[in-house]
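Pasting the structures here.
Okay, so chain A shows up in both of these, paired with chain B first and chain C after.
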Partner chain A sequence: MLEARLQTGSLPKKILEAVKELINDANFDCSDNGIALQAMDNSHVALVALLLRHEGFEPYRCDRSLALGVNLVSLSKILRCAGNDDIITIKADDNGDVLSLTFENAENDRISEYELKLMDIDSEHLGIPDTAYDAVVQMSSNEFFRICKDLGNISDSVQIDVTKEGVKFSVKGELGTGSVTLMQTANIDKEDEATLIELQQNVSLNFSLKYLTNFTKATPLSTRVSLSMSGEVPLLVEYKMEAGYIRYYLAPKIGEDN
Partner chain B sequence: MGIHGLSKVIGDNAKEAIKEDNIKNYFGRKIAIDAHLMGMFYRTLRMVDNGIKPVYVFDGKPPTLKSGELAKRLQRRKEATASKEEAEEVGDQEAIDRFSRRTVKITPEHNAECKKLLQLLGIPYVDAPCEAEAQCAALAKAGKVYAAGSEDMDTLTFGSPILLRHLTFSEAKNMPISEFSLKKTLDGLGFTMDEFVDLCILLGCDYCDSIRNIGPTRAVSLIREYKNIETIIKNLDTNRYPIPEHWPYKDARELFLKPVVTDPDTIEIKWESPNVEGLVDFLVREKGFSEERVRKGCERLEKNLKSATQGRLDSFFTIMPSADKKRKAEEASGSKGKKKPAPAAKGKPAAGRGRPRK
Partner chain C sequence: MVATNQQRICIGPEVPQDSKNPVTMLLPHPSSGFPSRYVIQEGQLYEMQLVDSEGLRSWFIRDTVQSDGSLYIITPIDPLFMCIPILDIVRQRTSESEGLFLGLQDIFESDQYTSLRNLVELDKLDQHLALVCDVRESDSGGGGGSGKRKTFRLDNHRTLTWLKRKVQVLADKFSSIPVLVDSIDYTESLHEICQTEAITQSALRLVSAYLSESWAKQLAAEYQFPELEKLESRIQLPTLLDFGKRSATDMDEDSKPKEIKKPKMSAGQRKLAKASTTGMKPLSSFFAKKSA
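Moving on to the complex of A and B:
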């Protein structure tokens, strides 16, 4: 049986916003470590990996690992009924077929209860190898959001070049070209806005802006985002949360190989 | 054509082996296509538009075992011609259309025209020494292409790891692509490849007769019990199930397991830019296509060829067998077969076999 209580209603709402565009249905894998989710989008181009560690809940109880198959659109409909300051408690029985959600509002003594029907989901689990990335860029999540939005107007794919000086996002579209370069920040006064680069080797990769823009739906979850890249392997975009993370993997676009 | 009733047998015994998917999700895939089809220009464009890289495979000399089947087809064509004439007299347009489709025979001239068109389009093709399905399967097995695209189920029997059906159906029909996995078929049936081939022969293939009165269910259980046709024959009540007098099932088996194909490693597959003027000459001046549409099509071809292909995660990460068998209560129940996710969840049909929502 699972029972987990979250102090703020806004967190699960933001998480749902960050995943529901990419995937329709997914299993929430609950264990004594916390709640995890891994799912690929339909075309197997992107993958979302979410982890909410048990420390993030108060209290958290999960006696036996269980997978809760959920339609994310349905879940987000229910979560929309919760206030941002509501305390959310989720419960599920080991062999139950519903997920129950309780929203408590301390201010006006209001308690709402919902039950979401669970589903059987055959999801393909991907084994993600530990990768030592050639380049890791840490930057402001707002900045990344803006770059994707701006460049998305010009083209559907972006080239990302990382050197030790900085990171450059460039696009070529029918109307013309564009680029945004962020220099590695020397002083780290404004921690949230700094651009930090760890580099083993320069990289230059192409990615779909449609997907990147989708990932930036996670911007409200963290002020920082990290982009990890190596030649010809999927990009890792990570938003760290207080007790967990949301990671997106995106397969690169590949030039002609025949 | 192909294997009689095989798709149903797979659907009943190895549901996991079939998945339906939108053509859009096959971008970047190289697919070997069994080339007996019409409307090649637009269908090829449709595939290329969706980012698929087609390789066409043409039939070579039919195997001698197929002569019986071919004679039957000739007979059917004759009947169709007669029925068509009859329908024409009555003026039943629907019937005319139906029968005229059946009277089509692919002539060497037609093949030559298809090849000429492909050359102009810059789409590669392969001449199979014998059956095209077998060559497609060999290309897929060797990893030269992701899958074989064919309507004939025997492509699986020839050992193609993945078979795609409905790939070349027109857009108007809006049919999802059916993807059959050989491995999951074998797993679901609990058969080895040899047993599967014998099953296909029992179901009825193009190369020899099957045993009368043995339907798909019995065929599966016979193979499950006796493993091969030899043992089945020894144990079968031949009064109820008469074995065909001259029954070259061994030859058919040999044909499936060791088909005559060109070694895939010697085949070079290359996509090139289309020859626009050549296409206009051929399609517009000789075939009466609209010049505008042909030129537009060429632009699309070139664009798709030039733009970088979106990679897929499954070529970088390994898919792990789904470890969590949850909600097993429903796992075994019969209801799951027909349950399809609501169209709202337009995604992977594999997902959403859950209990009905609202």
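Moving on to the complex of A and C:
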């Protein structure tokens, strides 16, 4: 039996918007720690890992670990019926085949109830080790969103170079080239906009911009984003939330240094 | 055609009160060659179609029940569709010769279908035939100027021109006939050229339903549908069946069939499907699989 209550409707809505752009269906793995999700995109080159820790819910109860197989488009349709200020309660029985969602609006005494059919999903879980990355860039999520959008107009892949001075995103396309460079600690006064770099070693990697742009659907979840990179391992793009995170992993493009 | 005590339900043309009884007859169908029923009334040719009740339905007619629940539909048909296969045979065209010129009586003389000669009675048949035939006029002989004897020989070029004109007429009227509009798989969002091509293609199919295989082939060769072909090769409209399917397609597979199998993808996923993943290794080559 799972029962979890969220104080704001906007959070699950934003999460769903961020995840459903990458994957179709996924298991929500519920345990006493909280609710987690891990799934790869169709091409298996990107992975999203979501964690909502139990502290984020009030109350949270999960007697036994449960995997709730959900079609994300369907779930987002139901969540669209919730107001941003609604209190959302989700419930599932141990052997049930539905996920029930209740949206309560205290202001106008409105209660809406929905049931989403669950599905059996064979999921492949990848064990992701804690990695010490060569370079970790923390920056404004809006800035990252803008860079991906701007450079995506020019090319499909972006080269990211991190040095101790700053981080440079550069593209080469048919129409020409472009680059955006963010200098380290450019904005001390505005914490949200500062670019911070922890560097063990310079890195220079290529990534698909279409995928990065897809990840920026999570921008509303956090004002900050961190990009963690090491040579020839997947990039980690992380948006931290109050009680949890959404992490994207993306395989680098290898052999495209031109 | 039927015993007088038998009545049938029929949708047919309006007939003036004083008109003669219609002539009904079996003639070879222009496409299949199987005998089908046709009607001549007031010099016009009609084809008769039957919605067979298969003995399962009956009609209520006022206070009575009629056990035969079939519906007969009688609709006008251009006599040339009937004539083309006949003319095609009787001209006896060979590789050396364009074939024979024949008079009306000779054309519609058949041992197998004696009722063919009824076609001679059709209004302005000679004018119709002139649309698809070479015509020769000769004095009917015997002086007195009683008229000229006309002989006909089917001409391939004229026939194709006439058939193309038929397709065009149908295509022009297409949008005014709702059942036809519904019959083609195009949506409003399609490119205008595609729509036009889809309409022409559909009109072509309708006309070809009244042609023998060889004529249908010749006619089809006159048309090209480049935009439609492009469209079909690029996308296939997902059918209802596809919506039930979910599959775990692997990265290695061609991206095109994958798009078809995954109609439920969100906008973001559709964009990703177009992303080039060359040089990108699957994540499972970086992270070890864990048993779930």
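Convention: the second predicted complex is superposed on the first by the 253 of 258 C-alpha atoms of A that agree within 3 Å, B and C clash if a C-alpha of one lies under 4 Å from a C-alpha of the other, contacts with A are read in each partner's own complex, and residues count from 1 in each chain.
Following the convention adopted for this analysis, a contact is a pair of C-beta atoms (placed from the backbone, for glycine too) under 8 Å apart; a residue touches a chain by one contact, two chains touch by 3 or more.
Computed from a prediction, not measured in an experiment: that's the story for all the values here.
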item: Fit or clash - chain C, chain B, common chain A; value: clash
item: Which of chain B and chain C A:9 touches, first, second, both or neither; value: neither
item: Which of chain B and chain C A:206 touches, first, second, both or neither; value: both
item: Partner chain(s) touched by A:66 [first = chain B, second = chain C, both, neither]; value: first
item: Partner chain in contact with A:244 - chain B first, chain C second, else both or neither; value: neither
item: Touching partner for A:22 - first (chain B), second (chain C), both, neither; value: second
item: Touching partner for A:34 - first (chain B), second (chain C), both, neither; value: neither
item: Touched partner set for A:254, first chain B, second chain C, both or neither; value: both
item: Partner chain(s) touched by A:125 [first = chain B, second = chain C, both, neither]; value: both
item: Touched partner set for A:214, first chain B, second chain C, both or neither; value: second
item: Residues on chain A lying within both footprints (that of chain B and that of chain C); value: 23-25, 40, 42-47, 67, 71, 73, 122-129, 157, 206, 208, 233-234, 249, 251-256
item: Parts of chain A lying in touch with chain B, wherever the complex brings them together; value: 23-25, 27, 29, 40, 42-47, 65-67, 69, 71, 73-74, 95, 97, 117-129, 157, 206, 208, 233-234, 249, 251-258
item: Footprint of chain A on chain B - complex, ascending; value: 16, 21-22, 24-25, 27, 53, 269-271, 305-306, 308-324, 326-327, 329-331, 336, 341, 344-348, 350-358
item: In the complex with chain C, residue positions of chain A that touch it; value: 20-25, 40-47, 67, 71-73, 122-129, 156-157, 206, 208, 210-211, 213-214, 217, 233-234, 249-256
item: Interface residues, chain C side, partner chain A - complex; value: 246, 248-251, 258, 262, 264-269, 271-284, 286-292
